[in-house]
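Following are the structures in question.
Next, two complexes with subunit A in common: one pairs it with subunit B, the other with subunit C.
What follows is the complex of A and B.
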């Protein structure tokens, strides 16, 4: 039976798929808020710290009642959170150290309990240690019911408390000013985070549940700046990862679901970080290259403009050597850039000498105008000395937009000369 | 005798962990240690598959490469993709760990590596693996490996002490002195990976984190200089390991789990008792200084 046939016919496959996808949605939406609070690794610590609670609940109850384990896990996770906060507030221990201490210490305690259970040879214990690596195939109807019940509670409180949580991530003072209690909202967010991890840990395992809180949020962040979109996108990535994970583990039964969910999410995060138009590494690289090219050609035009300005007699053109005397261009880069400028009709070439075309002169004049306006602005409004302003203007000349240029000109009362008594070109604008 | 062999092994490994851990904690990289401990899993499995057996040298190489690889991943995500550091750590090591789990389940039958051994370690079986030298029983192999690791790291830290402290506390000053910050960073990361891997077999992934982080963190509560911190950390790791061992023998539970627990308890006790211990100190404690 193919996966999609099974999806419509076999209830146990439906449970696994629904459970995994549901957990992925919960993890990625709740995780987004933790990510924005820079508390991602706390989720990691909490998921490790559930183990002692789960084992203790099992010892007390004597069987694997999902609800009892959930309660045990929840309490244990909360204690871990409190201990992390306690360590940070009572000592100079840094947050990452506090997290690592609680993570390893609580997990060690969990293992102690686990071996206690194992040595008592309770027949029911089989499967408790699936908790560590997760076993999505074990999702039963009862688990699914828990996920659906608590999950809708979590999503509902995210929906209703959206504004409060948003303020918690971005502007705590705003909450305080609005008469809300920062601590209460933080408590609420922490509680639903712990609850989410508790729900997911048995199916996906400790480490992989932690991943589900972090990875989709990071991937989504590469594409959007809006919180609402971020949560939807992150949940979407969660859904895709959960679905693909369940699919792969159905096709190849020896494959565990959790790691494939994480691997899918990791692949999405990699693509996002590399290729997203706004924040991706590759688009940013090309933007930087294009920008460098723009700056370089503007510098060449400017150098020619200065050469023309300085020469007494009208010259027909300037050689490479003249240009190199104006500015420390790299020779071979310069040659390439000059050719490109000639192609764009900004420069005229004649026997290895170059001069500005009228279009080029206009463009160079704009750059020089920006430079000199900015120098004047710095001396008049920022109070800098005339001999200190050149460096700054050298960078700003490439950044000043036409609107800004108009504004500067207006503020400076349409000046004619810069602080060095050189004429500012293009006054007629 | 068996007790002594196990304790001695654990103490040597704990000392080695405390040495590298002290620098990790002062560099605020405790969670990077956790990341490395998880990320060596795929390295070990791959080395196992390539070499076809539990050849220690292959395992060491594979795991060290994986450990350094995860630090490179974290750096790339943080610096190039500009993701905040906690999330960078989170996505990098869970990715490698997922690959590790997939490899273990795929080749679980052919690879003699089960998930339990990875997590809990098998320190109780340390005395079974003897080092025979010309027919002479020299004691458990792991004990000697632990001692060797500790000695090697001591030499590295002793020789590179100035460079390590300077690059930890004042990277820009170190750079002006011509000390390569990057070289020492990767030397430390390599040392952490090596320690993790060597300790892995006997104490498991989670206890490695506990040994690397908890004793130095306990020492950090008191220490004013890095030298002091390392010495205190060695002391705290000894008490943590020895008390952990006896608790586990008493309750008949996992040795490594019990050691991690006593470490946590010891940290919380020391933190709680510190105000009572140091009453004369009027000035609130401040960060470490690079020189005593």
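What follows is the complex of A and C.
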């Protein structure tokens, strides 16, 4: 049976997929607020700290009643949060250190309990170690009910508390100054965070549940600047990851679900950080490449403009050699760039010589105008010497927008000459 | 005497156990523009935070319009330093300004059309209406400050408390901000502004409060802007006072003993 057939026919496959996807939605939406609060590591600490609570609940109860384990986990996770806050406020320990201490301390305690339980030959203990790495395939109807019940509570909390959580993450002091009970809001957010982790830890394991809280949010942040969209996108990424994880582990049963969920989410982060239009590395590379190209073609136009300016008689065109004498262009790059400029009708070519088309002259004039206006501004307003301003203007001339140019011209009282007594070309609109 | 907008009575405040303000005691008249002046580390921001109830006082109290702060929250708007938040936060300008309406709407009730209108008109007053839908990450420092002021304006308070609104903004923004502050004053609002530029302070403020760990002087500008007050505000810290503050923190002693306060809690 293929995965998709099973998805419609086999209830236990449905439970696993629904459970994983549900947990992914909860983790990624709650996690978005933790991420925005710069408390990413808290999730990690809390999920590790659930272990002793789970083990104690098991010891007291004698079996793996999901609700009992959930309560144990929740209490344990909350104690961990309190201990982190206590360590920070009562000693001079910094937050990262406090988190690290609590994470490893609680986890160590949990492992000791786990070992005790395993050596006690309790017939019910089998599978308790699923909390370490998770076992999505073990999701039963009762687990699903828990996820659905507490999950709706968590989502409802997020919906109702959206404004409060947003304000808490952005400017805690401001809402405290407005008389709102910041501690209560923080308590509420922390509680649903702990609850989310508790719900997911058996299916996905401690490490992976923590990752699910942060990874989708990071990926989503690369694509959007709106908080609402961020939460939806982050949940979407969570859903895809949950689904892919469940699929892979169905197709090859030796593959664990949790790690594949997180690997999928991590792959999405990687793609996001590399390709997202505003924050991605690759788009930035192309932007820089385009800037370089713009600078080069403007420099060529400018060189021809200067050649025209300097020559007494109207020339038909200038050779490569003439251009190279004006500026240290790289020869082969120059040839390519010239061809491109001819194609754009900015240059005219005749027998291997080049001259500005009227469009090209207009464009070159603008660049030269920007250059000379900026030089004048630097000498008159910034107080730089006339022989120090050229380099700066060389770079700025490509960057000055038409609005800035207008402003410059106005501030300088529409000047005719630059500090070197060269004429500033008029505005060719 | 005019109505008192803000009174600090014998206020002592510690920050991370270390006392930074000792026995601050002043009254601020309503309907004026008041400058709080002092060198770096004088405790100006801590004073504001203490007034807003963000930092607990070790002793003393603050009264707003002769009432307890708790009953006056709607009447007092706080503009924190703009560096106190992460401007890369995913929000639009209008979202931030809408937070100013929270004291009226609460955190859960839906916004009424009136609340949107008030947020927009606050943005208009600071000349940022065209930026309403812009992401806050794209704003310049001066624009950030205008947005913060707009958020306070949206609250429609009586008393405005601004922490270094002119720090790191361009001249045009400073001019625009002081114009808004004067407009508010002419509507009868009280404006309390932490400021550190001695050049402009006489021009901006009708009243001054000089502090440097303790109160140096407070009163109308002509009376307290004296060489003597300037010298004791800016002429270095009181070495013994700061030594004692460090000792309080180091030895973990309380800065006030229990039951020593002459003030009985009643309001």
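Assume the second predicted complex is superposed on the first by the 285 of 429 C-alpha atoms of A that agree within 3 Å, B and C clash if a C-alpha of one lies under 4 Å from a C-alpha of the other, contacts with A are read in each partner's own complex, and residues count from 1 in each chain.
Criterion: contacts are C-beta pairs under 8 Å (C-beta built on N, C-alpha and C of every residue); 3 or more make two chains touch, one makes a residue touch a chain.
Bear in mind that the values here come from a model prediction, so they are computed numbers and not experimental data.
Once the two complexes are laid over each other on the shared chain, residue contacts for A:119 go to subunit B alone; subunit C is not touched.
By the touch criterion defined above, A:174 reaches subunit C but does not reach subunit B. Touch criterion met: A:230 reaches subunit C, while subunit B stays clear of it. When the two complexes are superposed, the chain touching more residues of subunit A, out of subunit B and subunit C, is B. In the superposed pair of complexes, A:163 makes contact with subunit C only, with no contact to subunit B. When the shared chain is aligned, no partner comes close enough to touch A:62: not subunit B, not subunit C. Comparing which residues of subunit A touch subunit B with which touch subunit C, the overlap comprises 38, 221. Against subunit C, in their complex, subunit A makes its touches with residues 36, 38, 160-161, 163-164, 166-167, 169-171, 173-180, 185, 221, 224-227, 230. On the subunit A side of its complex with subunit B, the touching residues are 35, 38-41, 43-44, 48, 83, 87, 90-94, 96-97, 99-116, 119, 129, 132-133, 205, 207-208, 210-211, 213-215, 217-218, 221-222, 254-256, 258-260, 262-263, 266, 269, 273-274, 279, 281.
Within the complex formed with subunit A, the subunit B residues making contact are 25, 28-31, 33-34, 38, 77, 80-84, 86-87, 89-91, 94-95, 97-99, 101-102, 105-106, 108, 115-116, 119-120, 206-207, 209-210, 213-214, 217, 220-221, 248, 251-254, 256-261, 263-265, 267-268, 271-272, 274, 285-287. Per the touch definition, subunit C reaches subunit A in the complex via residues 49, 52-54, 70, 73, 76, 78, 80, 84-86, 89-92, 95-96, 99, 102-103, 107-108, 135, 137, 151, 155.
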